[in-house]
Every structure is written in structure tokens, then in C-alpha cells.
């Protein structure tokens, strides 16, 4: 059994880790920390876990996380970088669901996240935890930077085209839509029910942290200079993310070959579902599951490829992907404990 | 033109007052205060008001509310009682949308609201602002206690039966359901979209502030001792309130006579719509309007009367009712500026 | 492996059965019928099942359901009674999720469902599939009448009080609220998003089919005459059911004893969670899981007991309960394949 | 008073016309037709109109629409073209909210709408009813083709750039999102609450009827060949439309000049609100009102302009725009009866 610790279990990615790990056949939940909720049974905060999780939150000072085999950080940016060095030194693997180790360029990190990086010596070692593109590196990793939810959809949609040299990397457009849980479990007016319900809006159009993360990752797969316009929007739904990706073809290719390219790329990836050409994937077809589904379009047969990508932002876009990485790191089948069927309706 | 001031315009009842008063033909919006937002144009906080309201919030110290003819308090409990004495002394009428003057018994107020009452000398004078039951008193009032949203539905549903001596006043049950805007525009986790959406729950079942307010008002219309069980619930919708009221008949009466009793009671009340016997009113039929609709039922012809009552909690349940009171106080037709048709769908 | 057939797999209880049975360790999905969708892969209709269910719908004529060990009817009322006799004769067990065998009184069935009963000889044999109250009978059953969603919540809430002789059985009130999926997957205007969203209403207040079902079942546990007022409401959420039950105590009992009564009643029922006295269960704490949670209240210490009950109407209120019955009928642990943790948020 | 008739008043654009026209100071509602609902009081179908609209639906045969000054067609495609010739001959003006007269090219119409055009002689005369771009032509029109909801947002966003010759007309991208009411009040499974709620998806990506309409209109404002990729999406909200428009600059221009271009274009248009550069308009800021709001962005200062446009699809996107056209046709102030303030929250 893998002994698992969770730092910061009071947010949505934390409770989602608990939902998945509580019934994972190879995991023993060992500790979950929260400074503020020390002593509170986890199930008192999240009644969905009554009878499933018996742990109580414990203060970070009291919890001995070095007894764990792996520790997940479901925390704000900056926490993992402070605690990872000691854990790694104690032989504990670390999976960070925040951004601390996602950007290889320290200056870019500090510019966008507005905090100094306190563990720069670990940046190089950290492995970007997107299994479909990076599986081999994850196997041997000690420290995982779990991708952001938006970047997961953008990369899995654009990379096959970039690798194949089919599109203009300089004029990529990603029009993305996220459920409100992506904003986290924080007391804020903007995400109140009465503000976010029956409403739709874009945000951060001038610039968003996920743009440099995605651009840097995409650049690994093309020699061209990457130019990416990323527009996030807020959808009145709890879970779910939909990316509508636009790329301009620079070479002739027919629809069947495009479809084959994607099917081939993901033929060994059980969590990527390449739907039939021309499908319209729905976010709810992934609700609560670790699946990402995508479909290709070519409006009026022109030279623009539209890729539609959906996932559950809290599962494949966060906690499910983190568990997937853990499975790979510990030599388990990638899908262990991740076979939940999406909840529809 | 009536010069109107609003204290505390950053909450939902505040913005709703603005929506109604901005197009009221006899009103001149004169001042709106907020300590925190001093100087901010109102329309910057509420873009729905762009081009409609030109005022900026001003700090309470700067705003000279004594130049107003009437001041609305859309504030937390305790603010109106602090400021009303000086305003009244200056000849300004006051309409409080909070609870400061709703309870005639000071001790009951202090027990439920957990603050000392600082203007007890005004309690007696304050008029309970439910026009359908209290129209004459409102005409001459200087100080209005605007009813709570739940109490409005309960009183307008139960009072005809109590006045007619038809039901057991000691076993009234009110199972009420409110949209989330009833909780106000406050940064709290419990009313986040991701918490309140796709969910239903009761709250405060052990006891709620609106029980003593309602019981005390109902007692004015019966000689029996009032016993009221009030169960509030939270509905995943922005606006709307639905009360399902249960009363036990103690006298024989047929359905037509019951219906006639209600139609007669409200024949001069243009904001109470007594629907045909056996109807199922929907909250959305009142969305954005000052209408309250109700319908009577008698399940399987038994001795229990079920009254279904709907309203928009922010209009008839709060700001619309306050404007209705203002109209009466200033000798206008009760419906002036309140003829918005409900938004459906 | 239990060979399972499903008749009528295109509705919400059908797809929910598929979600649960597809990953049930002791089940082999063998056939799923739909006259209209003959030949269509199930996953084409429900993309959440892509990669999980490989079956296609087959026309009822073609499917040989007699090869199954058990057949679930997720059909409109009237279908199971037509097909059950032949299946039972062939040694196949039958679980009907509709109402065909819920009422022991044929005349009452025909009055409320407005169709003649075509298999009256089976009514007596049919076992009412509410395991928490009826477990022993289910073990040996060939034919299960799976309870309605509302009746499940009402019975599990009221029965402990009735059995203990604590309340007036003649004045029970059940104010119930259901998510929209309870209305099924039918093309109707009333349940369109634009009609049902941001809205709340009661329906069927004059009389609803679930009243006679519930009353008849409740009568098994008391010598008093049962009088039940049942008021269903429609909540703008997909899944979830909340019952607010009111009963009048006829004997003195303190809160701790009340709580102990319920805890004791359900101590062996892993799908009933008796929450601490005074809790407010939320429907989302059961979303996608087979748990039913309840909590007791006694407003202002009076003689009315309020019981709050929540469940997922498609799981414990329908398909999950049916699978639970199947597990019992086939000698499995009741919870086999039903350990999904609720999806929160 | 303008005598108004409505053909097809049972859909969402029909009830929205009623909401607006019932309180329009210069309008007398004269007839509303529905073959299916002949004799039914309008307020029985739409209880929001109780006490506001006294008319009953009448069968098309009985209603003498020639007594009207203007008739609105809130009908499926094909109805207006059948009835318009006779009405026009009788001197009645016609405003069609469907597509019958939106496309000047008959073959394109017939290709996309799959019905023959039965009044081709009127196509040339029909005026495209987008007042902000076409006000002068509307003044003298007898027959108005009211624009589609999507095309309104796309044209008002793109046209200033095209007219100024600033962008590449051949690579326009419009990623648009609509509330569910855009699909109409039709009994269909796809728009049920349980299907459309808590979900997000694209549709019609391969080609949508609003693409040729928009392209043809845009072509009026540029010499370049128009190339438009239009991707519609369905948002789980009742009302509201958000267009995210992407255009590539072909000339140097700074942000202030871009902003000035839009402010200048719409300086006389009281229903277009050009928000400050870099704003994020929300659909709810237009809920129930005839306002369209837009804002400009230039991500990372690059050569892509992003225009965010919001409106209420049933008001400015349909019925409000139709009333705006009527006002212009009858010499009234364009905003008469259209000053409803948006409902927020």
C-alpha cells in the first residue's frame, strides 16, 4: 500500500483527491493537513465523505509527512516549493497540483505569480505531469508539476498538429470555457451563485498565467515560434472545461488523415478519447471521470482546423491527473482507481 | 420629485432599489452611501446600471442625507436604528429594509439579533410596511419597518384564514424555499456557485429570526395562540421565493367559499394575484416584478388547506415592497414605477 | 457472473443502471432493448459510456432475454406486467423500476395509473424492494417492485416513528422536493431548461400517485389510520431529492431517545446515514451515490418532529436501489458495486 | 396608437414581444394568433402576463390582421413569406423575426433553410433590421427582416474594423455562446434541463445558417473577400449571448484609436454600450434589456484584436430589436418602451 499524505485538503482539488484516493485499491490515506481546521474530521466539512474517510485534518506541525511515500500539494502557489525540499530529502515523492514547478524559466514564474521562487534548484528536476505526452519521464520522477487544467486541454489538442508540422504555430487561438469550481473554494463575491449563475463572461483576456505555461510546453514540439491567444471564460456550471482550438493548416491534408493522426497519437492513452470526426463532445460526458474527449472539425472544408476538447477540470484537469501520475510513478497500471464512469445526467 | 437617499447600496436590495428608483417617474436619486466604495461610480460596480444611474457612492460622512425626503436603509441590522433618530428629527422619512423596527418587543429583538436596540423609543411608532394588511397606517408613517421576505409570504397566505377563524392557529406549518440572493451579496463559502448550485438543503430548522416576526404579526389577526413551524430551504436559483403553507381547518367550508375569502381579501391589492383554485404558481412568474401570486389547494378534499405563495424575494420580498410603501407615504398610486412585467423565460 | 438484461435503456434510470452495472464486479451486461433504437450502440446515445459499454440496443423481438439471470425494467408503467410472466416462467428474475407491482390493491393501481393490470396474479408475489425495511423478503424474491423515489424518502423517515407508536399517523405531512431528472428523459416543454431553470414550483398538490403507494406501505407499520399530505415540488437541479417530513408526537420523548431510535433502526443499513441530531443534510452529499442521509429536528423543542431526508433520486431513489435488491437476491453483499463516493462539488 | 398583431405568440420571442409591447406607451395589442391554442387566454400559458395582457390566442383564420398597422411574425421560417404579400397589399407593415427575408440571395436561402422561397419578389425590398447599421433604410421600410441573434453580435463587433480597413476580412473568427432560450420553446430532448444544465458544448461547427447571413452582411462593409469561422456553443443559462470575436490587424493602430473608432461609430446608438478598453462585459448586465455591450482587447499587445460582445438574445437579439425597428418605422424615438433596466442579480 502506498502511504499518501495531502497538504491542503480543504479546497476542491483536495476533496477531489480524497474522493479518488479513498477507494483506490493500493492507497492508504495517512495524513491530511490544514492549519485552520486542525482536529476537524474531514467528513464534517465534506459530508459526501461520511463513512468513507475517517481521517481528521491535522495541523502541518503535527503531521509527520515524512512517513508517507508520496505527498500531494493541493495548496495555493508557493506552499509546495517551501516544503518539497525536506520531503524529497526524506525520500518522499511530491506531486504539486499548483504552479510552483510548472515553468522551467524562473523569471517567467516570478513575473506571473508575483512571488520569489524559494526552491529554484528543483525546477530543472521537476517533471511536467502530463502522462499522454510525458509518460516515460514521469516513471522515474521524484517531483511532479501537475499541469494546469486549461493547459492540459490546449496541449492535448494542439500537440499532434505541431509535431506533424501541419499548422502555423504562430497563430494559434484557444477559446476556453471553465466551470466555476476552477476558481476554487474561496469566499469571494465574483463566484457567488447569485453572481455566476445565469451569466457568461470572459476574464483575463489581456493575459493569463496559463498562457506562458502552455506556450512553453507547446514549443517543445515545434521549431516554429509559438504564438498563442488564450481567452478563458466562466461557465455557469460546477465542473467541466471546454476548449475550442483554432489552428491554420499550412499543408494540405484530408480529414481522414487528420483523424488518423490524432487516433494514432493517443492509441495507447486510455484517458484520451478521440471521437469520430465532426463530433461535438459535451463536458458532462466526462463529469467525475478522468476522461478527456476531443473531436476534429474543418468548417466548410477550409484551412482552419477546429479541435473541440472536454474534460472535468477537477479530475483530468487536476486531481485525477495527479493520481494518474502517482500510478505511473509507483509502477501501477495508469488507470488504477480511476475507472469512475462519468455521471450523466 | 421625491428626493431619495439610499444607505448601503452595495448589496442586492440596494442595487434592486436602484433598478426600480432610477426609472420611477416621481423620484430623484440624490445620494447613495457606502463607506468602503466612496467615490466609485455605482455603474462601475453594477454594469447593468451603465447609462441609467450616474451617481457615485459617497462616504456616509460626506453625504448630507437630511436634504432627502426619504432615506432607504439597505443595510445590515443595526444601522438604521443608529441613524434614524437624526433623520426623523430633520423631517426625513425612513424606510428600513432590515429588521431594526420589525419586532415590537425589544427583548425578542435583542434575543434573536444579538445586538442591543439603540433607538427603543422609535419601536412603537414604526409601522410594519406590509401594505396589503396595513395600508392605512403606512399612509401617515414617518418610519417604516419593511417586512422580511419570508414573513411577507407567510402573512399574506395565512391571515385571511386566521381572520375568518377557520383554522387552528396553533399548528401552522410553513415550508418555505428561497433563491440564493436572499443570503445577500457577501463573500461566503456557503453561497458560492460550486456549493449552492445543483443542490438543495434546509437551514435554520431549529429556529430562524423570521419565526418571531411572523408569529407576532399573525397574532394580530386571531385570538388563538399562534404556533408556527417555519422551515426555510435554499433553492439553486437567483431570485424567487415559494412558501408552501399548511393549515388545519376547524370549521366546515367548501372550496368556492375558501377561494372567495381570498379573492375578497385582496380585491383592492393590485400586487396580490389570487390564482384559480388548484393552480401551481411558479416563482418565475414574478421574476423582477412586484407581484405576489398565491393559490389554494385542499389535498383529497381533506381538512388541510395548502396555500402556495410565490414572489420575487428581492422585489415584493424587499425593495419593491419598500418602494410600494414610499408611494403610499407620499400619496402616489401604490403601483407607480412598479409596473415591470415579470421576465419569463 | 450474473447475466443481466435491461428493458428500456434509453431513459435516465436506464443509463444509470448501465453506469452502475458496467463496473459491477459480478455482472455481465447481456442485452439492452429499445424498439426505437435497434442497432444503435448505447455509447452513441450516452457518450459518458464510450469505452465502458460496448453493447448496442436491440429490438425487443430480437433480444433473447430468457438467457439472462435477471431483467431490469426501466420502462414506462405497463411494460413489466406484460413481459414478466414469460420471463418468470423461464426462470428469470425480474426487477421492475416502474409502478406495475408496487400497489397490492389492483383497483388502486388502476385508478391512479389509468391502465388495466394485465398480470394481477403476480401482484401478491411481488416483493416491495426497499431493503432497509424488507431485506428478508427480497432474499427469496423472484419479482421485485422497486419503490418510487419519493416513497423511499418518506418511508425511511416516518417508519421508525410509526413503529415506535410515537406520532399521530393521521396527520403526517411530507413536503418533498425533486431534481428535474425525476421527470424522465422525455421531450416535454415543462422540463425544458428555459422553463425549469431559475424557477421553483409545486405540482400535483391535489393528489399524486406516490401518495397511495406510501400510505399503503406506512400502514404496515402502525395500527392507526394513516393520513398523509404529500406535496411534491420541482427543484432546478438535475439530481437529488429532499424530503421535509413533519409528524406530531403523541408521547413524550427526549431528543437523545429519538436519535437513538433512528440510529438503532438503521444500524445494519449501510446506505442509510443517520446524521447528528439537528444536522441539515444536503442533496449533493449523495450525488451519484446510493446513500440516503437523514437528520432529526425538533423546532423550539415543541411536539413536532421534523425529519430531513436526502438521496440521489436516480440512485437510491431508483437504479441504485434496484441493484441493491439484485445483490440481495443473488446472495452478494448488499453494497457490491455500489461504493461510488458522492460527487462534491 | 399603433395597432399591433403578433403571429405565433407561443414561443419565446412571442412572449417577449408581449412583455415589451404590453407596456409600450404607443401600442395597442390587437391580435395574437396560434392555430393550436385558439381561444386560450395568453396569460393562461404565460402566467407572468396575468393582469397585463387580456388577449386570448385566436386561430389565424379568425384573426383579421389587416386591421393592424404592423404585424410581427414570431414564427418558424416559412410562415412570414406566405402571409406577408397579402398584409403588405392591405397596407400593413411586416416585421419578420425569422429568416425568410434575411438573405438577399434566394438560392443561399433555399440551400440553408431547405424550403422553397414563396415570395421571392419581396426579397429585394425587405430591409435588414439592424438599426445601428441600417437606420435610414428602416425608416421607410414596409417589410423588415429582423437579424438573427448571433449575426447581431458579430456585425456590431466586426463592422467598425472592416469599414476602417484595419483587419484581414478573410480570417475572422467568431466563437459565440448562447443561452438555451435561443433554441426556442420546443419539446426536444437536447434542451431539457437534465441535458443542458451543468453542461457545455459546441454545435453546428461544420456549418450554421447564421454564417451566410453574417458573411453577406459583412461583405457590404469591405472590398475584401470575407472569410468567417463561426462556432456556436450552448451555455447553461436561460438568456444571454456572448460573442468572442478575433480579427487580425493589417495596419498599425494604437489602443486609444481603436477605442475611439468604436465609440465614434456608436455615438448615436443608445443601445450599444462601448465599455472601457479591456473590460469584460457580462451577459447578465443586459438581462431583460435591449442593450448590447462590447469591449475591446489586444492580448499582449499583439496584432490580434479581441472584441467581446454581450446581449440578451431574446431582446436585442430578437424581440427588442424588432420593437426598435417598429419605433423607427413609425417615427417614434427608437427607445420608446425599451427602457427596461437589466435584471441583476
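Read from first to last, the chains carry the letters A, B, C and D; within each, the first residue is number 1.
One rule holds in what follows: a contact is a pair of C-beta atoms (placed from the backbone, for glycine too) under 8 Å apart; a residue touches a chain by one contact, two chains touch by 3 or more.
Note that the coordinates shown come from a computational prediction; the quantities given were computed from them, not determined experimentally.
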{"item": "Co-neighbours of chain B and chain A - touch as defined", "value": "C, D"}
{"item": "Chain whose Cα centroid lies at the greatest distance from that of chain D", "value": "C"}
{"item": "Selected interface, A-D versus B-D, where C-beta contact pairs are more numerous", "value": "A-D"}
{"item": "Distance between the centres, which are taken as Cα means, of chain D and chain B, whole angstrom", "value": "37"}
{"item": "Rounded Å distance, chain C centre to chain D centre (Cα mean)", "value": "45"}
{"item": "Distance from chain D to chain A - Cα centre to Cα centre, in angstrom", "value": "39"}
{"item": "Contacts with 2+ other chains: residues of chain C", "value": "12, 179, 181, 185, 194-195, 197-198, 236-239, 281-282, 284, 287, 345"}
{"item": "Chain D-facing residues of chain A, complex", "value": "171, 173, 175, 177, 179, 194-195, 197-203, 205-207, 211, 227, 229-231, 233, 235-240, 242, 244, 246, 248, 278, 280-284, 287, 297-300, 302, 304, 306, 308, 310, 345"}
{"item": "Parts of chain C lying in touch with chain A, wherever the complex brings them together", "value": "12, 15, 19, 22-23, 46-52, 181, 185, 197-198, 238-239, 270, 273, 275, 281-282, 284-289, 291, 293, 314, 339-345"}
{"item": "Residues of chain A defined as touching chain B within the complex", "value": "12, 179-181, 183, 185-189, 191-198, 236-238"}
